[in-house]
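Encoded as structure tokens, here's the structure I'll be asking about.
For clarity, chains are labelled A, B, C, D, E and F in written order, and residue numbers in each chain start from 1.
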Amino acid sequence: MPFITVKILEGKTKEQKREFIKRVTEAAGETMGIPADKVFIFFEDLTPDNYGKHGQLYADMES
Amino acid sequence: MPFITVKILEGKTKEQKREFIKRVTEAAGETMGIPADKVFIFFEDLTPDNYGKHGQLYADMES
Amino acid sequence: MPFITVKILEGKTKEQKREFIKRVTEAAGETMGIPADKVFIFFEDLTPDNYGKHGQLYADMES
Amino acid sequence: MPFITVKILEGKTKEQKREFIKRVTEAAGETMGIPADKVFIFFEDLTPDNYGKHGQLYADMES
Amino acid sequence: MPFITVKILEGKTKEQKREFIKRVTEAAGETMGIPADKVFIFFEDLTPDNYGKHGQLYADMES
Amino acid sequence: MPFITVKILEGKTKEQKREFIKRVTEAAGETMGIPADKVFIFFEDLTPDNYGKHGQLYADMES
């Protein structure tokens, strides 16, 4: 505990995710006293075709 | 706000998703007074091998 | 199918949710040919103390 | 009802998922009196690059 | 791993949930070879006012 | 984007959540170049009666 799900637009690199996991785990420890081995983080990569914003498909907003 | 996740069997077209996003965003505005730029919609495509119903794998029910 | 989760700030009335369910179910039928009895919708009411935006607790942004 | 989401490391076989669906549906019936046609199960396959544990990317822990 | 979320209509007893956790954990072990200490289960109690089915608010279907 | 859901045992204070939001938003900016106004964080407080671990109800493990 905690279990953290990160829904994010596809394209983030392994290195970026590695760093983000490190920083979030540190934050959980320093702000809520949670040991690193209790922090679980899941990324969900979202494609532009599966994301809607402002009433539009994100893929349409990009083109 | 709101953040809307739509878990649905894979195979819906881009056009269907585009239309659904439009209609749901309109519905959020007309029924709950939420402006379009505050409505976020995420599709999660489910494969028949990853979906269970009636105690069975959906892929088995199709074959 | 589909299973739709609506994460939204607490305070929407029963009537607003009733109407939104009706409209979203209609939209699923008319845009993706999904019968009403296959559409499941779940609301998750979010309290201002449990919602962070722009690096702040939403409750702080309201006060 | 219930709607059960199973977030699990990728690699489980179709046969394993088939058996797990069967057993969980039986469990819902025998412990909570829920008929099989009301139990919906969704698997979410997690890749090692999208999973963080102990402050690290799971993919790094495997290598 | 796995992380299992069970979205279910409110009202299930502690005893029912206790038994369901036991059975699902056993099933994960026997069908997918997963040790009990790696299985995490979360219940999400759904109220009739926050659940839509067949285009209606579940609370209306009950009355 | 990103949309971050934090499922955590109930009892964390407003101050702890405020600090965690701040730190996670900073981390998203510094590791993935995401501006603060694009980061949304949702806490889901889990009660001991609704959490299963090691085949047991967490509430039973506490007593």
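Quick note on the criterion: contacts are C-beta pairs under 8 Å (C-beta built on N, C-alpha and C of every residue); 3 or more make two chains touch, one makes a residue touch a chain.
Predicted, not measured: the structure shown is a model, and the values here were computed from it.
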item: For subunit A and subunit F, chains touching each; value: B, E
item: Furthest chain, CA centroid comparison against subunit A; value: E
item: Chain whose average C-alpha position is farthest from subunit C's own; value: D
item: Distance between chain centroids, defined by C-alpha means - subunit E, subunit F (Å); value: 20
item: Rounded Å distance between subunit A and subunit E, as computed from the means of their C-alpha atoms; value: 25
item: Per-residue overlap in subunit F, given as positions that touch at least 2 other chains; value: 3, 7, 20, 24, 26, 40, 42, 46, 51
item: Chain-level touch network, classified as line, ring, star, complete or other; value: other
item: Interchain contacts, given as pairs of chains that touch; value: A-B, A-D, A-E, A-F, B-C, B-D, B-F, C-D, C-E, C-F, D-E, E-F
item: Complex interface listing, subunit F residues touching subunit E; value: 7, 46, 49-57, 59-60
item: Contacting residues of subunit F [partner subunit C, same complex]; value: 14, 17-18, 20-22, 24-26, 36-37, 39-45
item: Contact footprint of subunit B on subunit C as seen in their complex; value: 1-9, 12, 16, 19-20, 23-24, 26-28, 30-32, 46, 51
item: Subunit D to subunit C touching residues, read off their complex; value: 3, 40, 42
